[in-house]
Amino acid sequence: MIIILTSNATERNREDIVENLKARGFGIHLSQGVEKTIIGVIGALDEQKLEVAEQFEALPFVERCVPISQPYKLVGKSFKPEGTKINVRGVVIGGEQTVMMAGPCTVETEAQLMESALAVKKAGAHILRGGAYKPSTSPYSFHGHGVEALKMLAQARQETGMPVITEVMDARDLEVVCEYADILQIGTRNAQNYTLLREVGRCRTPVLLKRGMSSRIEEWLQAAEYIASNGNYDIMLCERGIRTFETYTRNTFDINAFPALKELSHLPVIADPSHGTGKASLVPAVTRAAFAAGADGAIVEVHPHPEKALKDGSQSLTPAAFEQLMQELRQIVPAVGRTL
Amino acid sequence: MIIILTSNATERNREDIVENLKARGFGIHLSQGVEKTIIGVIGALDEQKLEVAEQFEALPFVERCVPISQPYKLVGKSFKPEGTKINVRGVVIGGEQTVMMAGPCTVETEAQLMESALAVKKAGAHILRGGAYKPSTSPYSFHGHGVEALKMLAQARQETGMPVITEVMDARDLEVVCEYADILQIGTRNAQNYTLLREVGRCRTPVLLKRGMSSRIEEWLQAAEYIASNGNYDIMLCERGIRTFETYTRNTFDINAFPALKELSHLPVIADPSHGTGKASLVPAVTRAAFAAGADGAIVEVHPHPEKALKDGSQSLTPAAFEQLMQELRQIVPAVGRTL
Amino acid sequence: MIIILTSNATERNREDIVENLKARGFGIHLSQGVEKTIIGVIGALDEQKLEVAEQFEALPFVERCVPISQPYKLVGKSFKPEGTKINVRGVVIGGEQTVMMAGPCTVETEAQLMESALAVKKAGAHILRGGAYKPSTSPYSFHGHGVEALKMLAQARQETGMPVITEVMDARDLEVVCEYADILQIGTRNAQNYTLLREVGRCRTPVLLKRGMSSRIEEWLQAAEYIASNGNYDIMLCERGIRTFETYTRNTFDINAFPALKELSHLPVIADPSHGTGKASLVPAVTRAAFAAGADGAIVEVHPHPEKALKDGSQSLTPAAFEQLMQELRQIVPAVGRTL
Amino acid sequence: MIIILTSNATERNREDIVENLKARGFGIHLSQGVEKTIIGVIGALDEQKLEVAEQFEALPFVERCVPISQPYKLVGKSFKPEGTKINVRGVVIGGEQTVMMAGPCTVETEAQLMESALAVKKAGAHILRGGAYKPSTSPYSFHGHGVEALKMLAQARQETGMPVITEVMDARDLEVVCEYADILQIGTRNAQNYTLLREVGRCRTPVLLKRGMSSRIEEWLQAAEYIASNGNYDIMLCERGIRTFETYTRNTFDINAFPALKELSHLPVIADPSHGTGKASLVPAVTRAAFAAGADGAIVEVHPHPEKALKDGSQSLTPAAFEQLMQELRQIVPAVGRTL
């Protein structure tokens, strides 16, 4: 960490801060410029330095503290440069093969779920998605069928052979969700619900962590660090669009995040173009883009009758559109050295 | 709700949608323009119409659905035009008198808490703030002393007579927090944690609901509706800054929200200039601004030794700076017909 | 346009507004709901209706005006559904073949420009980019060699056969820039400089219009409409990233904009991944993504010695990296039915 | 400036960069950490260092360059700590007295202008605003009466004694605008139109520089530096709201900017609550807030008949509402040691 003093800091100020830092066991590297004094803080753990940064910025003669190291370790690239591969009932995520997760936003009925599951399976999807517990901006909206829906997912898994992914919103539901689900999904509204992140970190079920709609990449990786630091290393990062001033689309899908995360982390990166756009007509192009940018997979909403969907109908693909998309993706992935 | 069809919608499309709406019990008002057809949907509950909107936008010949009514009821202005007053152990929030909540970000030690409490009390604060459970972006940071801190808050209340406000992050902690706290605080990272909102709605302890850092005003009011619709009407809305592209300040304090919320809702509105700016030097001016704009109160971080604070030291006022601020505010509030 | 009255609008208010609208020659469609009155305004030109919207929203009993039609015509999809093709000295933009524009951010010396030009030509670029007039956030930065640089570009064109694109910032430079350039570039900081847009609309040189860093897609198309409505129809839209809260990248490249613009407009769409990311290491993945999403071409910064570049060195590719990118793109474009 | 090398930088890399910096005349301060090498660059002009930052970040073994000094000088606080006062025909801006500029968004007719001018004068305004040249998002909207309007403004000045402020959009209009106007306004869409900024810097008429709707405070000050570095020091900074995700208001008025600018710069700061909110009903509260936060003045749209305004009617105050606002402000300003 580097501490930059204001230009009116006195010699006394300088001595005080240096002494304070030494007392905390830090090494010190003082650099006296014409205008400003810069103090390099050396040799302690990063987490400690972050705390120090917050405290020292409170001093009136400190202009700024600049952290030098990244505020995450376990999920950082250098921790596992070869990349993480996650095996979910035989489907490997993070390897040469890219992975498609598809299904309805919400599990509504057995018939709807099975119709969706068979359709996406036929088109080539590897994993079945479906919401049992749903976050809704309005308290009066539909919130999912809960355990009933989990059971339907388990049955669909049995009939199709596809592992299932479903969202968990409440730490108190974790036990029952882990009983049925193969991958736990953490939604965007819970991306900084540290209570839930910590609990999920204590499970051994793989986790798909969606980006918070206003999370910077660094904060997103820190959220992943919460899970990893509690012992669960099987984490996928899922870009689902960020909130910006643009209103034509529901969110702005941050395509830059794919190569950026591949630089910064060893975790697999999954695209959610359904929430990333909010419009079914834009989903195919954006999914193709994500795979071309290096995504390890995608999670796409497919509904047999989007106009009857209880949630997010406007962003769901029909089975026919999904099949068409899978064909397009099979053209794209070889161009980046992958299979689908 | 108004449904606007695309210009290439056929007569058949039109008939289909009208029939579908009638079958759901909606009244229909058809308006055939030169270019486009517009369907007014009449007479049903809003919440139902919102659901319908999502579904109908999935139809290829529907261009847009425009909601006419606000997606919240209990927290809307017309539900209680005279405004809500919340009585917390004799301190009334939402009345003529404005209210100051102050204290350290985090409860660190008994000595630190008591020193802060006595200082803010002396300067004129009405309510004592202090964090027992702290959300931190990094898993390696300090997360609060939990129940120990709650007990210290209760003791500080006894010695100073000030009611206490503290954050709750986990529904499983609610019972114990309610035992000690006079006001429950929901933080920005949990502003769309619907699990927590619903549980807090089942308590009878007043709630201060911070705005999500990327919540639109409408979404914020819907979050409040979650609490109210579960039976807890004693809600304060707390503007704490939103996330924008500006990096000089930690957040952008949305001063527009004060008059906007006074138009839209009957709930008291509180300012959090400490998080809204992230810089102690900007806190006094922004607090004055909030009171001038109609805030019913403020919640301000004060720490006897900001440079030693375990969290957020750089945004904490010293006791001297806080006392100075209180004097300034006493000049401002009469200008808007209030007292402090 | 639809005008929604507040719930406390009186019958008198309603009559006043209807009369006023009729006097302006509008057709009226009144729809009296239980809670609110909705007035459909029919049959006039959009532009007029937009003006009316602004005025009527000033009335205290009008809640909202909802425009139904798009605020642009000449650049809208329905004006030319088959799409616009622009022929620049034999290079066709908007056809089956995708187009690569490449070269240094800024023309520095004849040697640097020629070295860049030959390198990008060899790798397969079609058009040479290079800045003669440069916008800089700081007044003390380098602002380009002006006419000298234009002459160097013309010479590079002669030696390589590649048409040239360069930015124009000042309406007073238009004449001289048109003398040398084959495509005029409007930069992001001038994306709403209507003076310049109008003048460029009076030229007959094709224009590449960058998106304003805070322009919504609709505003961007209105900026294009400024050019088209002055007679210049040869417009390319260039996505170069928008400003968001993310700080790891210089901008957030809005990949959604590609399929969105293909729905809304007939104009070719070009990607600028150099500014869209601000980091050379992210450029290849994001360029591949843009082509997979339907871009008609890209404009990429290439510098023989990025660390010596006078501007934007950190986002420039080396010639070797550019050649590698061209090879990757040749794998991608057939997957979307295009050539390169 | 500080240059941080990546952890895999070699000794050779280090030597290369140090040699390169020395050759450019910089002093060097090398700090070898356990993980990373940090190079302090000392003693050169900031502007040069900024250029260097861009170039060195292009090197593969450089992780980051951290500027230490502010990228502006003439408009920085330390250049004139006592603050700038601007005298406009006897009205002093930046002194103890706060200043109100008011009038219609657009000069429409002589009658409308005079009615507005007399009304705002009567209520206590000091300066008359009115648009002669208007930027409009749509090319089909009204763009102002030009020179005709300038003449009407001059006449209104003569009859009321109030100096006038009006927007200039085109460098070619500068001469004629300076002939009539007492203050030149640079609008938000031209806030980074460096051509115009430079030309305005060559005038001797005071300038009100609006913040770009996506400008960070630092960029805004750099825009002001463009004007100052060309010789015109009479600059006012005008906060008019920034673009964010919030859609209830037209912009988000950044109240933090007032104390922030008072820390960073010596220039007077003016509030534009009309554009900052976009809603007449929110203007009074936000104007009060700005004065409480330290604004040196405000510029407010007032129209005798807002519902007939040719532009921005929905954000214009009626004369009665304006008079009421002035009375409220007279209560607020003494609380911050000012007069009105």
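Chains: A, B, C and D, in written order; residue numbering restarts at 1 for each.
As a working rule, contacts are C-beta pairs under 8 Å (C-beta built on N, C-alpha and C of every residue); 3 or more make two chains touch, one makes a residue touch a chain.
Predicted model only: the values in this text are computed from it and were never measured.
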item	value
Those chains which touch chain C and also touch chain B	A, D
If a chain touches chain B and chain D alike, it appears here	A, C
Separation of mean Cα positions, chain D and chain A [Å, integer]	38
Approximate Å spacing (C-alpha centroids) for the pair chain A, chain B	26
Chain A and chain C: spacing of chain centres that average the CA atoms, whole Å	31
Residues of chain A whose C-beta touches two or more other chains	214, 243-245, 247
Graph class of chain-chain contacts, one of line, ring, star, complete, other	complete
Sites on chain A touched by chain B in the complex	45-47, 50-51, 54-59, 71-72, 135-143, 169-172, 189-190, 192-195, 198, 213-214, 219, 222-223, 225-226, 229-230, 243, 280, 306-314, 316
Residues of chain C defined as touching chain A within the complex	214, 216-218, 242, 244-249, 252-256, 258-260, 262-263, 276-277, 281-282, 284-286, 288-294, 328, 331-332, 334-336
Partner chain C, residues of chain B touching it in the complex	2, 4, 7, 29, 31, 33-36, 38, 40, 42-43, 66, 68-69, 78, 243-245, 247
